[in-house]
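Should a chain be cited, it is by its letter among A, B, C and D, assigned in written order, with residues numbered from 1 in that chain.
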Amino acid sequence: MGALLELQGLGKRYGAVGNGWALHDVTLSVAAGTVHCVLGENGAGKSTLCNLVNGGVRPTTGDMSVQGTAYRPGSPADALRRGIAMVHQHFSLIPTMTVRENLQLVRRRALGDRLDRIADEFGLAVDPGRRVGDLPVGARQKVEIVKALLPDPDLVLLDEPTGVLDVAEIDALIGTCQAIAGSGRAVVLVTHKLGEVSRVADAATVLRHGTVVGGGLLSEVPVPRLLSLMLGRDAGELDADAASAVGLLPGGSTRGRAGRAGRAGATALSARNVHSGSGAETALGARNVLSVRGLTVHHPDGSPAVVGVDLDLRAGEITGIAGVEGNGQSELVRVLSGALRPTAGTVRLGDDDITSATPAARTRAGLGVVPEDRHREAMVGELSVAENLLLAELGRSGGRFRRRGMLQRAAMDAAAASVIEDYAVRADGPRAEMRSLSGGNQQKIVLARELAIDGLTVLVAAQPTRGLDFGAVASVLARLRGAADRGVAVLVVSSEVGELLTLCDRILVGYRGRLLGPVETTDPTAADRVGTLMTGTAA
Amino acid sequence: GSGDVGPGSDALKVGVFFPGSVSDTGFMQSGYLGYQRLEQAGGVELSYVEQLEASDYEQALVRFASQNDLVVSLGGQTDADVRKVAPQFPEVKFVEIGGPADAPPLPNLAYYDPQQAEAEFLSGAVSATVSSNGTVGFVGGVELPAIVNAAHAFGNGARFAKHDATVLPPQYVGDFNDPAKAKQAASATYGAGADVLGQIVNLGKQGMAQAAQEGGKSMVGGPIPGDCGDPRFVGYVHTDIGKEIEYAVNAVQSGTWAAQQVRFGLTSGNGGTDFVLCSTDPTVAATLQRAEDQLAAGAVQPY
Amino acid sequence: MTLLTQILVSGIGFALPLLVAAVGELVSERAGALNLSLEGMMLSGAFCAVLGSVTTGSPWLGAVAGVLGGLLLGAAQALLSVRALADQIVVGIAANALALAASTFGARLVFTGGTEVPAFDRLPIPVLHDIPVLGPAVFSQTALGWICVLVVVVTAVLLGPRTGRGLRIDATGEDAVAADRTGLPVRRLRALCILLTSAMAGLAGAQLALSEVRAFSDNMTAGIGYLAVVAVIAGRWRAPGTALAAVLFGLAQALQYALPALGVAVPPALLTMIPYAIAVVAVSGLAGSSRAPSCLTVPFARA
Amino acid sequence: MTTRLLHPATVAAGAVVAALLVGVLLAGLAGADPLTTVSALVEGMVGTPYAIGESLNGVAVLMLVAAGFVIAYRAGLVNVGGEGQLCAGGIAATAVGTGLPAGTPAVVALPSVLIAAAAAGFAWAAVPAALRAWRGTSEIITTLLLNFVGLALVTLVVHEEGLLRQPVTSSETLPQSAPLVDGAHLPSLGLPRSPATIAVAVAVVALVAVGIVLRRTGTGLRLTALGHAPAAAARLGVPVARTRFLALGGAGAFAGVAGGMVVATAPAVLAEGFTSGYGFSGLVVGLLARGSMTALAAVAVLLGFLVSGGINLQLVAGVPATTVSIVESLIILFIAGSAAWAARRRAAARRPAHRPAGAPVETVGATR
């Protein structure tokens, strides 16, 4: 089959970032009837590539052609006219409208028939009557994909669609991709997970720092080779965390923290895990630092989101919450962070009732939170890295960054620079705008900030590795582990079961607003038990 | 600057301040007509400024005062600023037209009082006489003293002509220059039974005339006399503000200028108030004449 | 005509231009564009309508000119706020000042003396017009008035929230980024909505000038444009509510002038506040819920 | 095109010159020759210490309203309500300033009047602020609406005897307030032959203070964070609702003080129309300045001085008042339009030259 999409020397330059090239001299061809994966670390230029093809961003250099004719899209609408549709990770459904209304924006005539056909052909069924804002994330993602398929495009660009999906949904998505390719169309799939690549891709392209470093048909370039290309080093050096993060080792080979601790120091990334040991853990573990009792939260529409949840976090222990998205995990975290008022129940931190405390008061009391929605809740993109790191600290009286009320920029920069170095953040210095960083680097900054809270006793991290490349994943996981080793009680909410199994001491499962479990990760059947609980089989 | 007098000549320099628009078909425009007559006559060096925000009144007055021998300011809304600026320029003569009629003049500030009320007395008399049902009403722009007094005078005039005339409560549009609202105010008054209306609004008149047309009713025009061919108008009051500017210039030129309250109108002998009757009915003309005579003689008070 | 009929007639007369402008503005606001320049669009429409009517002698061509006059300002608003990403509010305020000054300037150049304006006459609908009280108020509009009603209904129906176009407009105003990614031409949609709004505002100005007042006078819209924006807010961004608000405002205004005739004295300033106070309550959520389109006044540009 | 040519100041200057050219053209239509027009304009703006002082007083009011606007804008709130807040400030200042005993010394009278004005401005803005902070109602809409209520309120209080109308001694008593007591009048700055009052000093101090707070303090950073990402700001310890309330209320207080100062400037009476559109102009200044205090001062000076220039244009060159306002509004439109355009060109200018022909340029996602 011929090339559907061809890119010739495509480049995109932004004024401010580093040498400015987000994408440089990319030449690439996507054949009809194939699934073409685009791989790369955070900030490698994958989204930029998709956005260029989709007309959301105009190229600085280079040419594109679709089915052999020149293609110069000025807008996503142009792209659609040329048969190219894109699924974005964020912001492309109108939350206040129903699913049907959202789909009608693309196509009105015979919408029902078309939906039926999409359901048949690709196994994607949606409930048209629901308001999008009320749907769980996974369901929204499905609507996004249906929306992209509505105009019957020749090429579908999927930018990291699997981040918010559970295992079953990912399977379905892979089926959908194959069905699309099977019908003579093509899919460009952006992902960090090589496991998915090996299951679905016909061809792959690897980006590093904005340039193509390799790729080709999967029959010619096997997955381990892709991995080395992404890493820029030999795949053999990959540690288990990272391997599980990219989906090569489903479930993680070494289970639980106890097991991991035994290998402490074996890899550079977990080298900080110094004073761990089961003895120390048990001693610290005796102390409940955060306890939640009878917590109930309702959605704005009145339906229950969290129902009578009890939860105890113990110092030095990592508790995981697994579960399909939309089972109350997000709301639980938002209640803990103070962004949401519960309908009933209490949250106690140490001896204090913090149920209705402000986020600032919680921070003062030693509660750190890494929110799920990074762009909205965790960072201010327009402020600098230093400001994002230190803003909360400025609130407290007499911070070391203020003299006579004035900010001490030099001191702030110095402090931020040391964090940047410490966490190996790729940024244009402490004054770089937060939004100019790639997702993984943004996440590192957020984590660094929360870990630096004075007297941190509890850390709640929601989907801390979502959308991160494996280097970043490993580093984030190591930091969380390090915090626990310092005696912090850590709660990790994640849809990556494998990641939780390697990281946590015990795992709870969110199901219909309740927490099921716990499952001890040292238990050899832990993975299966978590899987069962996720489908709602009561524990 | 205009007038056919070159700078540097010893012609009298006069600055006229119109805080409103000189095309308002009312008070300001009537004054501007006088300004234009002076311009045509020549012999004085004239300049004017129109349409400023309240915060800029003072600045305009100061500029005039520093360049002219005589400064004329129109409208009571400038009173506070005129009273403030005049003392700073003792050698310049100031005239305020339409300010409060009971304000004490300053050594270099005279008040000229156009007797709009007298004109409205006549307007009321004519209105009541031509009215078929003896019901009349009055529409005013803003509830300013001069307008309120004129409204009273209108009622008194109506009762003077027809002692059993029904005078509806006056309407205040809240704006001299809003034709849509003026139309509503007029319609409401017609709707309440009036068939002739007196008025002191400026651009609002367009709306009133339309209300009269739609209701098949009539009204009194003015202050600038218009066309008697228009059947909606029974007549026009003629309050000539321009005459007062001319008077001020003459007074200064002839050395008779004095810091005092000067009344214009029928009772003063200074003229400036008149009524242009469109009706050819002799009884109406007779009533108008009677009202004019009685007013001039001081036998009746307009308000 | 009874007073009640009179109130209805003049209330609806005032409400009609308000309604056309408000329903037009509603379309823009749903697409995320706030046109404070609505006032200027109406004024420009009124000026051009009268200019067109006077020069061609045909009120119909005048009405067309009025629409074009509105479009002129709409094009400026669209160009600056959609294309150049200038702040909508700044553009709106400055455009109003521009329209006021330019139309006043133009009126002085071209409308000198009492030019007769060819205008529209009322076309009562037989039978319906004779319905007591309501008939004369509702079923006796000018030809242009009927067109206004038609345009309002057609706009409300064709661009209603359930139609395809309506959905696209709502999507653009609710989340412009998502709409863009969906393939909607966000900027073009917004520009078109603004142009539609301005054409309707021009029509409203023409209706005001050629049906209601039958003349042009400086600043003759005197805040109706702002009131139309308020009607959209009080109507909670839906056509029926907006229409209701516009009619209510018109009637309230008429009632304001009927009160004195009924012997009720309320300070007019107090009544002036009422529509705005109603609108504040309507948006505050104190009575029911309401939300402005999320992207109202937020310019859109692709990152 | 070089980046320097696209500097905001250059662009703004270009916009002003373009608008003035249109003005000269229009003035020519009205029969004034270009030279007279330009010299009259310049003479009017800066020709006499009096004109300068008078303009400065206007500039001070604009700067205060705009500075307040910027505070709220930083927090992501657009205060369209300057006009109404000026009204509230003016009314409160009058109530206090006419209520004080005649001999009240300035040290007492002046602060009381201005504090009352600030409090009233704050209170007037507090309604939309509270609705925004705790109910999420768009402040653009509510502040806009309250302008009309405020303007009507001024009309009401100066017409009603029981309220602030001066004692009605005859049927000739104008509907305006009595003058404020002497002690409440704003003292002159003391410049020779200049009517500039301490309002100018107050405004400059306020401007500098706002600039410092926004740029160099934690408060400024918190406001900025709130403006860009409210949810993240909450996470970072910013009390969102309270900060929003205070920011918009603060904007109101600034406008209120400005209103108080307008009333406390001779002739020191409250009358209909006393706001003279300063509320809307202040908003325009605040928005055109795009967050820079220097730009804010420059735009305020430009607009403030143009008024004097305009008066002189009428006087000396016989240019109609309408032409002057046409030019003023064109200046605003040209600056507003070209600023965003130039920002995009600036971004483009930093790109390499071999950009494919015809490829348009991007902007960084602009939100309000």
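Just so it is clear, a contact is a pair of C-beta atoms (placed from the backbone, for glycine too) under 8 Å apart; a residue touches a chain by one contact, two chains touch by 3 or more.
Note that the coordinates shown come from a computational prediction; the quantities given were computed from them, not determined experimentally.
Asks: Among the remaining chains, which ones contact both chain B and chain C?
Replies: Shared contacts of chain B and chain C: D.
Asks: For the interfaces C-D and A-C, which has the higher count of C-beta pairs in contact?
Replies: Between the two chain pairs, C-D has more contacting C-beta pairs.
Asks: Taking each chain's centre as the mean of its CA atoms, how far is chain C from chain D in angstrom?
Replies: Centre separation, chain C to chain D: 28 Å.
Asks: Between chain A and chain C, tell me the centre distance in angstrom, where each centre is the average of that chain's C-alpha atoms.
Replies: Roughly 48 Å separates the two chain centres.
Asks: If you average the Cα atoms of chain A and of chain B to get two centres, how far apart are those centres in Å?
Replies: Going by mean C-alpha positions, chain A sits 77 Å from chain B.
Asks: Determine the centre-to-centre distance between chain B and chain D, using the mean Cα coordinates as centres, and give it in whole Å.
Replies: So the centroids are 36 Å from each other.
Asks: Please set out, as single numbers or ranges, the residues of chain A touching at least two other chains.
Replies: 57
Asks: Where in chain B do residues touch at least two different other chains?
Replies: Where chain B meets two or more other chains at a single residue, that happens at 21, 143, 174.
Asks: Give me the residue numbers in chain C that touch at least two other chains, ranges are fine.
Replies: In chain C, the residues touching two or more other chains are 104, 108, 177, 223, 268-269, 272, 302-303.
Asks: Please list each pair of chains that are touching.
Replies: The set of touching chain pairs is A-C, A-D, B-C, B-D, C-D.
Asks: Chain D touches which residues of chain C in the complex?
Replies: Listed in rising order, the residues are 34, 36, 76, 79-80, 84-87, 89-91, 93-95, 97-98, 100-102, 104-105, 108, 177, 223, 226, 229-230, 233, 267-270, 272-273, 276-277, 279-280, 283-285, 291-292, 296-303.
Asks: Taking the touch rule as given, give the residues of chain C at its contact with chain A in the complex, in rising order.
Replies: 164, 167-168, 170-171, 174-175, 177-185, 294, 302-303
Asks: For a test of understanding, state which residues of chain C touch chain B in their complex under the given definition.
Replies: It is residues 1-3, 5-7, 9-11, 13-14, 17, 104, 107-108, 114, 122, 208, 212-215, 217-224, 253-254, 256-258, 260-263, 265, 268-269, 272 of chain C that touch chain B.
Asks: State the interface residues of chain A toward chain D in the complex, per the touch definition above.
Replies: 13, 15, 57-63, 72, 74, 337-339, 358-360, 363, 369, 371, 373, 375-383, 387-388, 391-392, 394-395, 399, 402, 405-407
Asks: Quick check on the complex: what are the chain A residues that touch chain C?
Replies: My answer: residues 54, 56-57, 75-77, 79-80, 86, 88, 91-97, 101-102, 104-106, 108, 147, 151.
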